Every structure is written in C-alpha cells, then in structure tokens.
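All chains are identified by letter, namely A, B, C, D, E, F, G and H, in their written order; residue positions are counted from 1 within each chain.
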Amino acid sequence: MPQGFKYNRLVKDDAACLLVDHQSGLISLVQDFSPGEFKNNVLALAACAQYFKLPTILTTSFEAGPNGPLVPELRPMFPDAPYIARPGNINAWDNEDFVNAVKQTGRKQLIIAGVVTEVCVAFPALSAIEAGYDVFVVTDASGTFNEVTRHAAWARMAAAGVQLMNWFGVACELHRDWRNDIEGLGALFSNYIPNYRNLITSYEARK
Amino acid sequence: MPQGFKYNRLVKDDAACLLVDHQSGLISLVQDFSPGEFKNNVLALAACAQYFKLPTILTTSFEAGPNGPLVPELRPMFPDAPYIARPGNINAWDNEDFVNAVKQTGRKQLIIAGVVTEVCVAFPALSAIEAGYDVFVVTDASGTFNEVTRHAAWARMAAAGVQLMNWFGVACELHRDWRNDIEGLGALFSNYIPNYRNLITSYEARK
Amino acid sequence: MPQGFKYNRLVKDDAACLLVDHQSGLISLVQDFSPGEFKNNVLALAACAQYFKLPTILTTSFEAGPNGPLVPELRPMFPDAPYIARPGNINAWDNEDFVNAVKQTGRKQLIIAGVVTEVCVAFPALSAIEAGYDVFVVTDASGTFNEVTRHAAWARMAAAGVQLMNWFGVACELHRDWRNDIEGLGALFSNYIPNYRNLITSYEARK
Amino acid sequence: MPQGFKYNRLVKDDAACLLVDHQSGLISLVQDFSPGEFKNNVLALAACAQYFKLPTILTTSFEAGPNGPLVPELRPMFPDAPYIARPGNINAWDNEDFVNAVKQTGRKQLIIAGVVTEVCVAFPALSAIEAGYDVFVVTDASGTFNEVTRHAAWARMAAAGVQLMNWFGVACELHRDWRNDIEGLGALFSNYIPNYRNLITSYEARK
Amino acid sequence: MPQGFKYNRLVKDDAACLLVDHQSGLISLVQDFSPGEFKNNVLALAACAQYFKLPTILTTSFEAGPNGPLVPELRPMFPDAPYIARPGNINAWDNEDFVNAVKQTGRKQLIIAGVVTEVCVAFPALSAIEAGYDVFVVTDASGTFNEVTRHAAWARMAAAGVQLMNWFGVACELHRDWRNDIEGLGALFSNYIPNYRNLITSYEARK
Amino acid sequence: MPQGFKYNRLVKDDAACLLVDHQSGLISLVQDFSPGEFKNNVLALAACAQYFKLPTILTTSFEAGPNGPLVPELRPMFPDAPYIARPGNINAWDNEDFVNAVKQTGRKQLIIAGVVTEVCVAFPALSAIEAGYDVFVVTDASGTFNEVTRHAAWARMAAAGVQLMNWFGVACELHRDWRNDIEGLGALFSNYIPNYRNLITSYEARK
Amino acid sequence: MPQGFKYNRLVKDDAACLLVDHQSGLISLVQDFSPGEFKNNVLALAACAQYFKLPTILTTSFEAGPNGPLVPELRPMFPDAPYIARPGNINAWDNEDFVNAVKQTGRKQLIIAGVVTEVCVAFPALSAIEAGYDVFVVTDASGTFNEVTRHAAWARMAAAGVQLMNWFGVACELHRDWRNDIEGLGALFSNYIPNYRNLITSYEARK
Amino acid sequence: MPQGFKYNRLVKDDAACLLVDHQSGLISLVQDFSPGEFKNNVLALAACAQYFKLPTILTTSFEAGPNGPLVPELRPMFPDAPYIARPGNINAWDNEDFVNAVKQTGRKQLIIAGVVTEVCVAFPALSAIEAGYDVFVVTDASGTFNEVTRHAAWARMAAAGVQLMNWFGVACELHRDWRNDIEGLGALFSNYIPNYRNLITSYEARK
C-alpha cells in the first residue's frame, strides 16, 4: 500500500473536461460498447461538464477527412468552449493550442474522454500526467476496437497514475452532497440512467 | 420446408401496434438488455408506430401497485390511443376491453412488444394467434430476466407461428421503399441508431 | 404457421408438477446456471406447485449412491406427495410407479423440471408427449453441464411439441388474474425475485 | 420429423449467388461479427462464387446516400455480373430488375448474403421462397446490429424453409469431392481460413 | 405439436456409431469448444460406442494431406471397425464403401459425430435422413469454427429431423437402467465427467 | 515486489463492517451480478458480520427519495448497530456521524460493501485509506451498472491500497481454523453456498 | 517502472510445488473453469512437478468432512511427498507441519495452486511472501466460484508481489531449453495440450 | 501515483521490433483471438515495422519440429532482417545470437509480439527489462490458449514495467502527426482496419 495515500478527489473548481475526437467517423470504429450505450455515456459526461460548469475543451483530429466531424450534439452544449481542430497531431497534447487552452483553464484536474481509448485518450493522458496534472479518464465515455485493446490501454494509463472513472462516478464526486441541488442532479441521472428515471417515475406516482 | 410458403409481410394499412406493460417497475426486472439499449428500442418502436400512423394500444398491469406507471414517454406519443389499465388480468388478451380495442383497429397484423417477454408478450401473442391474427413480436423492445427465459419464450412463440422481428426490421418492412419518404425514414434511423446518425453526419459534411 | 393453432395454456386444475432428480450429487454437475440462481429457481418452482396446490411428484435416481439424496428443502414442502426413489431406471417414465403416480393425478398437463436437462428432464418429457400428455418443461429449474448440452436438449424437446417455460411464466399462466390473490402472488414473487421485492419495498415505503 | 425428407443440396450448376448491400456505410452498422471476421467471410463467399463460376448478382440500396458505395473489393471480382443499384426498394425482390436478373440466371438455388441480416437478407430470402426458389442464406457473410437481431432473423427465415449455411459449408457442398480440384479448393481455404493455411504450411514443410 | 408423436429413442441393438473425420489437422480448426473439452467429449463418445458394443465406423477425409491422420486414440478402441479413408468425397455418404459399411451394420439408428459440424457431420446426417435412417447427432463431440457456424448447422439438421444429443444423453438413453451394470456405467462417467468422479470419490470415502 | 511485504490479514477483533446504501431503489441499478447472486452475497456478508460479532454500521443515502429504504433483511440482523441515514452526503465519509461511528468501533480494519461500487463503496474506501485505516472491499457484495464500471472502480481502489476480497474470503480469513467452530462455519456456508450445502447433504446421508 | 527490475525466474533447483486442497468436495465448488479444463490443468501441473522432480507438498483441509479426500490421481504421483492433512487451519501456512515441510525442501521459490483461489491459494501465498519466499501462483490449476472472485484474488496477490503464471509457463520457464530433453517435454505437452498432440500427430505422420 | 512520471513513448528512431515464434504450428494453439483477427493483427504489426522502417528481428523455436515454420507472409516482408532459428532456447533472450541482434539495432525501445504470450513474449520481455531496455508488448499480435493465461501473463509483465500496447497504438505513437504522411498511414489503416477502409470508401465517394 502506498504510504501516506492522499485521496485526490475531483473538485468542481479545480477540474476541466477534455473531449477528444468524438467524431462521426472514428466512433464507427468503437466496438467495446454498444453504439447506444456509448452515445449515452458521451452525452452524459458532456451533460456533467455542462451542469458543473467545468471549463471544457473540444478537439478533433483531421476532421475534414474520413474521421468525420465532431458529433453534432457536442458543440452546441459548449458554445464558448475552445475548439481545437488539430490539423495532424495524433496526440492532442502535441498541439500547442490545445495545451494552451488547458493551461488557460487554470485547473489541475483533467477529466479526459475520447475515441479511441488507447490513442486519443491514453496519449494526452500520459502527457498530462508528465506535465504534472491529475488525470481522470472517463472509461465509459471512451471507446475502442474491442476489450483487449481497452484493457491494455487501461493498464498503461493506470501504471502512470491515471485514475480510471466512469461518468456517474465523476458526477457524484463533483456533486458531493445531494443537498447542493437535488433537482439538478436528479434530472441529470433521470436523463442518462433509464433505471434511475424508472425509480423517479415510480416514486413520483406515489408521493 | 412448408409447402406453398406465403411471405406474410407487414403492411402499413393492415398492422396495429400493441405496447404491453412498459411500466417503470416492471422494466427494472429486465436484464437481458442493458437499460440504455432497452429504452432506446422501446422508444424506437413507438416512434415507428407513430411515424407509420399505426393504430396503437397501450396497456398496463396493476399500475397502482409496485409494477409502477407506464414510462412517461409513451403516452404523449399516442394521445388518442386506447389506454387499458388492466385491473388484474395478466394476459392482456383476457381483458375484454383490450380485445375490443384490438378488434376496433380493424387490422389483422399485430405488432407486439412488452415486459416481460415470456408473460406480457408471449401470452397475448399466443392468444392472438389462436384468435386468427398474424403476430409479429418485436424482440428487442421486449425484455425479460435473462437470456434463458428469453430463448424459452421465443421458442414457445415461434412454435405457434409468431414471427420474431426487431424494430428496425419492422420499420423497413413497413416502409418498403426509401422513395416514399427519404427524410422521414432517415430521421427515424438517425434518432435511434447512433451509427446511422454518424453515417449521416459524415455524409452531410461532404455533400 | 401451424393452421388452427390452439393456445394450450396451463390450467390450475389440469396441471401436475414433476420434480425429477434434484439430488445433492447431481446438482453439483450443473454448470449452465450459477448455483445460487439454480437453487432459487428450483425452490421457486416448488413454491409455485405448493401455492397453486398442484399434485406434485418427487422422484430420485439411485439416491443411495453418489447421486446423493433429494435436496432437503423439497420433501417438507410436499409431505403428501408420491415420492418415487427409482432403483435404476434412468428415464423416470420407465418406472411403473412413477407413471402410475402421474396417472393418479388425473391431470393432462405435466410441468417437468429436473437434473440434468437432457436426460432426467428430456427423457420423461418425450415419453409423456408420446403418452398423450401436454408437457411444459421449466427450463430455468432444469440444469445441465453447459449451454451446448442445454440447447441440444431444448431443440430435441421442442421438436416433439414440448412447451419451454420458466418458473415465472408458469406462475403467471396459472394465476391468470392478480385479483385472484394479490397478496399471495406478491409474496411468491417477493420471495424469489429480489428485484420484485425491491419494488415492493420501495412501494410500501411510500404508501 | 418431416416425412420423406429430401436433402436439397447445393449443386454447382443450379445455384446463383446474390450479394445484397455490402456497402461501406451499412457495414459500419454490423456488430455481431468483429469487422475483420466479417470482411473475411464476405470476401470468402465472393471467392467461392467466383471459383465455382456461379452466376452472381450485386445490388445496393441507395448508394448515393449515407449507406455508401459497394465495398471496393467486390465489383472487380464479378466484372460481368448484373449490378442493380436500387433507387429505393428496401427489399431487393421488390425491384423488377433484380428479379429479372435472378430469373435470367436460370438457377433454382439462391445463395444469399448481405447487410443487415434481418432486412437486406431476410426480406428477399422470404420473397424468393414464396416465388418457389430454394434459398440458402450464408449466415457468416451476413451481419446485423447484435446477436438478438440475428437470432430473430434466423428464426423467421428458418420457419419459412430457408437453409442456414456458412461460407465454408457452401464451398464444401458445391465442391463435392476434393479430387475435382485439390489445389483450387486448397487455395481457397488457405486464403480465407488462417488455421487451414497453417496446416498447409506445416504440411508443405515436411513433404 | 406434431400429432401422434413417437419418441424415437436410442436402442442398443439398433444403433451404430459413425465417427467422421476426427483428424489431427481438422481438429485444429475447431474453436467452439476448448481443445480439452472437445477431446474429452470425442473420447467419451467413443467409449460409449465401445461400452455398448455399437457397430462403429471410422472414416477420414484426405488423410494424407494437411487434414492429417485420425487422432491416435480412436483406432485402437475399434480394431475391427470398418475404416474408410475417403480419397476425396467430402460428404462421407457420397462414398460407396462408407454407405455399404453402414448398411452392413443392419442398424437403423445412426449416431454421428465429426469435424467440422456443418460439413463432415451435417452432410452425411442429411443424406442418411433422406435414405431413411434415424439420425442422432452428438453435438458435443462435433466441432466447428465458432458458435455462429454451429448454430446454423444445428438449425439445418434439426429442420431435417435430426435429433440433437450430447454424449451423456446418448449413454443414458442406451443404458436405460443403472441395474443393467452399475459399475460399468459408473466407470464410464467417472472417466469422462470429472465432477462425477468427485462424487464417487467422496462417496467411496464414506461408505 | 514490495520489499518487506506485511500480510495484513483480517482479525476478528480488529475489524468492523460497513454496509453502505444497500437500498431497494439503488439495487435495481445493479447489473454486474444477477439479482439473485447479489442478494445472496450481501446477506452472506451480513451473516458473517453477525457471526463474527463485528461492529457493523448501516448507512443509507437519501432514503426518503427514489433511492428507497434499506432492504428489509439487514436492519433486523443488526438491531443495535449505528444506522446513519445520510441526508445528502454522497460519500459516507463526508458525514460526521458516520465517521464518528467508525471511530467508536475502535477498529482499524474496515470491511466495506455497498451500492454502487464506484461511488458508495469507492469514495468512503479511499477516504478511509487516507484516514489511515486498512480497507477490505467485499467485491461480490458491491454492485454497479456493468463490468466496465466495476473494473474501473477496482483499479482505482487497488491503486490506493484497498484489498479486494469476496465474502467467502472474508469469512475464512476471520475464522482462521475450522476447529474454532465447525458447526457454525458449516452452517454459514450451507446457507449461502448451495453447492456447499449439497456437499453437506451428501456427506450427512452417508455418515 | 520498478527501477533495477530483476527477472525472478523459476529455477529447477530452487523451486518447490505446493498443491493445496485439491479435494473431491471442494472442487465441486469451482465454476471459473469447466470441470474438464480444471482437472487437466491440475494434473498437468502435477506432471510438471513430477517431471522436473520438484519437491512437492500435498495438503488437505478437513478431509474427513464434506470437503472430501484429495482427488485420487495426485497421491500416487508423489508417493514420497509430505502429505499434511490439516485438522482445521484454513490457511495452510498456519499449520506448523506444513511450514516445516516447506522449509525442509530448502527451496526459495514456491509454486502454489489449489482450491479455492482466494482462500486456499491466496492465504498461504501471502503468508509465504511475508516469510520471504518468492511465490508463483499457477492460476489455471487454481479454481474458485466465478470470475469475480478470481479477479479479486489475483489483484490481492499481485499487489503483494506474487507472480501469476499458468502451468504451461511454469513448465517452459523450468525447462529453459528444448535440448535438455526434447522427448520428455514433448510427451508432457502431448499429454495435456490436445492441440499440441495434434501437431505431433500430423508431424509424425509425415516424417 | 509514481512521482515524476516520465511518459516513455515510442520513437521511430529508437525502436526495434521483435517477432517471436509466429509459427504455423504454434499459432494453432492460440484461442484467445479468432484466427482471422489474430492473423490480421500480426500482419498489421509487421506492416507497421515495415512502414516505419524499424529494425526487425525474426526468431523461431524449434522450427523443424511440430512447432512448424514461420508463417510464410513474414519473411518476405523483412528480407534483410536477422532471422534466428533457435535450436532449443525457449526464452529467445537466452539465445546469444538473438541478444546480439538486438544489440546491433542500437535501439533502446523494444516492441515485442509472439506466440504464446506467457512464454515466447513474456520471457524475453522480462529479460529485456532486466537488461535495461524499454519494452512495449503488442498484446493483440500475441496469442495464447485462453483469456486466463493471457491475463496472468499481462499481470506478470505489467508488474515488471512492460507497457501493454496494441498494434494500432504502436502505429499512432510512432507516427505522431498525420501530416508526416497522410496517404501512407491511411493505407496502413485501410489495409488492416476494415471499418477504417469503409470510412475512406464512403469519404472518397463523396469528395
């Protein structure tokens, strides 16, 4: 056990969200989630970023080519977010504009998700750790070819100190206490967790 | 091979849609689909019924109890549909109002989906076959406890002559020809098939 | 589609339940269900037989040997049931006492479950069909070595006209209408379907 | 058991091959095979059609839209094959040119594969059965969204008398006897079955 | 349900066993069983044939080539069995010597297993049904490339009236009654079912 | 390998058990165990805590809302246990009462299980490690949405020094020696491990 | 990456083999391997210990009770091995005789396998690490209830510095060079790896 | 988290590629990938090595025996590569010629893939780490008997500091920037990622 372990937990005012290469072409490569689950998870993470008002950065890789444009739902959710259409760098962290945008958030905790996990997520995650950031990868909003490539990517990132999360864990760790806003968090869960919506439906019916 | 096989295909003007017991409590029993996939499939089927203007019947089982109310999305999609809140009959076909509602559609082809597959779907499906209807069960908008119970239910229904479909097959068989309405069908697919939406996004970007 | 299909559904007054070889040794061979699921399903089916007062027959194969005795829960549930400890017949239907016990129930519908599916269930099921009975095999209260042997057994039985059910379907088809006894059926479900009990717990909390 | 069963087996001089909608966009919807397996199976089936000189028909659905063009490997393999770019009919059999092309082959046995299974394959398969053809669907060169939609599609087709095959079975049934051409069949297997190529490699090394 | 169903069960004096193409090369193509399970199942079936003294026929396809020789365990178990090394016929039933060997057994029930399921098993199974035999395919002693090809092969055979069995079911159906030979059957199970051997070990320890 | 590794094993007199948010609503979100398995595991862990007389703390999150009340089996098992109904803190460790209750146990080893794994378990587990406790998470009595979220949660906790256990391992590590109480431990296993009960049944039958 | 990593590899003259609780009753609890695979792996590991003449220790837990005796194959393979029938200690390392037997081997590398993984293997493995031994757990000769309990046990052991191996890796690491004994190693592989036997069969046929 | 983490990423001019024992016999042992996927991955990795002009070393184990020769595709891709046919060393690193060939590349980063993962890959990987190299194992171009042996091998290697990659990640990390050669990288992906080829096909059709 690491001595003197410090629970480095997500803090609303110290976290930024990086959405990397959620492009219409690249997403068709993802096969470790069903397409419906994956879309839901990506939009749920985006909704968290929006709800918690996290500085958010959008970036794409070579979007004029077969990789395709950013999925159309994301941009309108973050109209003021930096949008870095990388002309060629595969690792977003190799792009100066991207790194500058990250710096300008002034945040130390980076929540990262993207497509595909072992490249578009793992590369900037490892670079960011090296640069001294705390990195939280949202595993269920990051997709890849299959479970083998996913597990290898996770192992590489975990070995570097990346914290592996899911969007629901991110939301809960940021929110801290239901009393901060019961309705807002309930709406978030209701929109992206069908069984939670069912709980609410049953609950409301009997109040 | 059945001699003189007749391809009994869905016809827009001869089909009705029966949505059985998609209730907030019962859906929490479904474990043969991920909750996200299942919700998507149910809403996609409902969207088909709406799009093709199929007479649609909604029914619930004991909705004042733990089974819970109908999921809130469905009723507003079919404001004029008969809504049969069965006070106790487990097999919807044992409920006179339900059978009458079916008769009043004047349709011979019944598209059925519900929760759980081996009860709320299979029972009325078998009753309807006996009553002389052609029955098309939408397997991916019908959920149950696990794959074992699903496969047993499918076998029982198939042996009775039920045709096993999925919502996408229903949509395509009803539509017949893209030229009937390219935009409408494209929108339907775009809303409920994330990878199809991706195809459209990439396509539109390059037109 | 079979012409003139007749929905042959379970009727409380015309059904008997045959529990075949649920013995402590044989059950250790079952690997197509987790042990916990399997035990729950078997006891749930037995509870249905008890609840609906179905004539029930218990039988074992060679119980003095490694196959082991009947699991201890079953006998006390049916203190007056015929109990046929077969000295050697593998197919219970080859045992005259067993067939006589079935005849003496006076029932035409036989609900069968046992271990292992392709032998202790399939053999008497096929024999009973040949003898003119209607047979309903409870697939989730019947276990075998793996999914391959299960699927082959199902195919053989289905081809003979056996109806493949699960215990929940059996309960619902026998009960017909919640109003016959809401509390009784609710208790049955609460005892053997954890998520149903959860629904009831949540429901009761808010009444 | 069907009385007087007649083994209706594929005959080189009586079979035609229909490749339906193997388009670059539609294939991205396929998730019941890994992309690599699926591509291999489709090309293997095409290689069989070529090798056995089966009359082959290529068809696409709405190829100017998001469905995308036929995958580039197929057309050059069948330079003289009828190529029906359907302007809108979802069921290829609804397209007169397609049906005429089938008729002009003069064959009674139709080998069909395509994307997606429950629509582009099942619809023309059922239509062709109705029209009196013998239909052999190549299951592993036909893809769909997931295993649920695949199994439902298979059940529907099997109930109509469609014979479910895989490309390897098609090749073996058409070839009949290794002595007809050892080298040719060996090359076919070597190209599309990596483990068969390994067997040949080991074998050649020791001859 | 088939009217007047007749339970066509295996009879020791009316059954023969056909082991088709269990060759060292071909078996390396099998991936729908783990290699250890598959070897165990094939040897278990062979041990049944031996134990019940079933006339048994061994055949191989092109054994001088990459398909390789028969696995070495089988021939010594049946030193007097006809051994048909087919020079080229893929379907064993196309080989006159093989069919004659079957005829000379004088048996009407054919138990068939082999590699690969959809070819070396399905082809002679379908031919034998056509020729008027009763066919029992031993699914777990027959292997193929993956589960998709297995399920398609099963569906094709089941539609023709083939009965799908596993080796354990074959043994039990042939034996009928433990009292015919407790020790013999116990030894058979002990050798090929590790958990059954464990039951016996525990049992013997406490006698 | 960590130098000077110290096997930090569970000690009956130094361990406490924290059961976090096993509520009727939240449990319906769990899909990485079958409902029956999960219920069994939670009750088995509770039975261990009871059997070993571990100080136990029950806590719930927002139980008046859709999350629902604690499942009814748990409270009666620990009538004197502190019961902290948290009004809003998502991480139980953020609740002063909860932390005080933990402190008052005077134990250094914390056995934690709950729903959902990545939040209700991982958050307090990480906080407790930071606070200097030894933490043992009972993985099979902790549930979440799916295997992806589970694995990510495990990785995060393991990186912090949490020991991942299952309830059976907890029981065995606490008990140390069968001779401390053969009957008691045997009863515990018999109640929650069906195959262990089968062993006992067979054993008793032959004593 | 650990600085100055030292590849601690198995050395024939420094390794001992500990087979823990492979008892007929306990093995019936194992469900994370098929029974056939598991038996094969255990016997393969034992054959390695025998072949490489490793000092081997056999131990059992409470073998007079339901746990059952050691499986009968193991003892005759190691007639001179210490055999410690533990009267009650669950962790074999808590038994003085066992630890003494280990010490008397004079070896520093301990190869451990047993049933169940998280208890009978993990407990002595962690104790042995603490005692300064190098521990190599043979994962595929160690079984448990399911994959969840397996993964948790692996994580706990790996965190302590245990090296996770399989029997084939053990054999290869001990053997070092085929030239030490081609025939012997070949025979070992042929006996326990069916596909390796197939390679040899094909190879021998063509020499 | 490791303090002062340094992202050790692949650099075109500092990496070499070691392809270990991709032999026709050994590959038939691989069952943790479908044969088609595995072949594709191995050839894709080889194509990367070729494309990025990495010094590459080919080696085989006992290729005159049942292990069989190197698969025929590899050698022609690297006509000038050192080719070490090891006469007996199981761990390639035990072979002086091999180690010398590695040294002569002058590279510090070793990309390793081979068959089987836990032996032919893990052994030289661990040796190379010990010798001071940076090791990147290409998990999807390395195969073994099943997922259990794979996971154990990964855990052992990761604990030693090996970085787990897949071929696609290797390609992307080496390439750095699409602008270095769009067409070349696109062709590589198009050849080995069918869905990427589909993206390109759709894209080209609309340019």
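Keep this in mind: contacts are C-beta pairs under 8 Å (C-beta built on N, C-alpha and C of every residue); 3 or more make two chains touch, one makes a residue touch a chain.
To keep track of the chains, here are their UniProt names: A, B, C, D, E, F, G, H = Nicotinamidase family protein YcaC.
All figures in this text were calculated on a predicted structure; none of them were measured in a lab.
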{"item": "Far-end chain from chain C, centres as C-alpha averages", "value": "H"}
{"item": "Angle of rotation relating chain A to chain F [CA atoms, steps of 5 degrees]", "value": "90"}
{"item": "Remotest chain, chain B as reference, centres from CA atoms", "value": "G"}
{"item": "Mean-CA-position distance for chain G and chain F (Å)", "value": "30"}
{"item": "Averaged-CA centre spacing for the pair chain D and chain A, given as whole angstrom", "value": "41"}
{"item": "Computed distance of Cα centres, chain E from chain B, in Å", "value": "43"}
{"item": "Per-residue multi-chain contacts in chain F, two or more chains", "value": "25, 28, 34-35, 66, 68, 159, 161, 193, 195, 198-199, 202-203"}
{"item": "Complete list of chain pairs which touch one another", "value": "A-B, A-C, A-D, A-F, A-H, B-C, B-D, B-F, B-H, C-E, C-F, C-G, D-E, D-G, D-H, E-F, E-G, E-H, F-G, G-H"}
{"item": "Residues of chain F defined as touching chain B within the complex", "value": "28, 31, 34-35, 146"}
{"item": "Interface residues, chain D side, partner chain E - complex", "value": "1-2, 5-7, 9, 33, 139-140, 154, 158, 161, 163-166, 168-169, 172-173, 175-180, 182, 186, 193, 195-196, 198-200, 202-203"}
{"item": "Chain G to chain F touching residues, read off their complex", "value": "8, 25, 28-29, 61-62, 65-68, 87-91, 94, 116, 118-119, 122-123, 126-127, 129-130, 145, 148-149, 151-153, 155-156, 159-161"}
{"item": "Contact set on chain B toward chain H in their complex", "value": "199, 202-203, 206-207"}
{"item": "Contacting residues of chain B [partner chain A, same complex]", "value": "24-25, 27-28, 34-40, 66, 68-69, 71-72, 193-195, 197-199, 201-202, 205"}
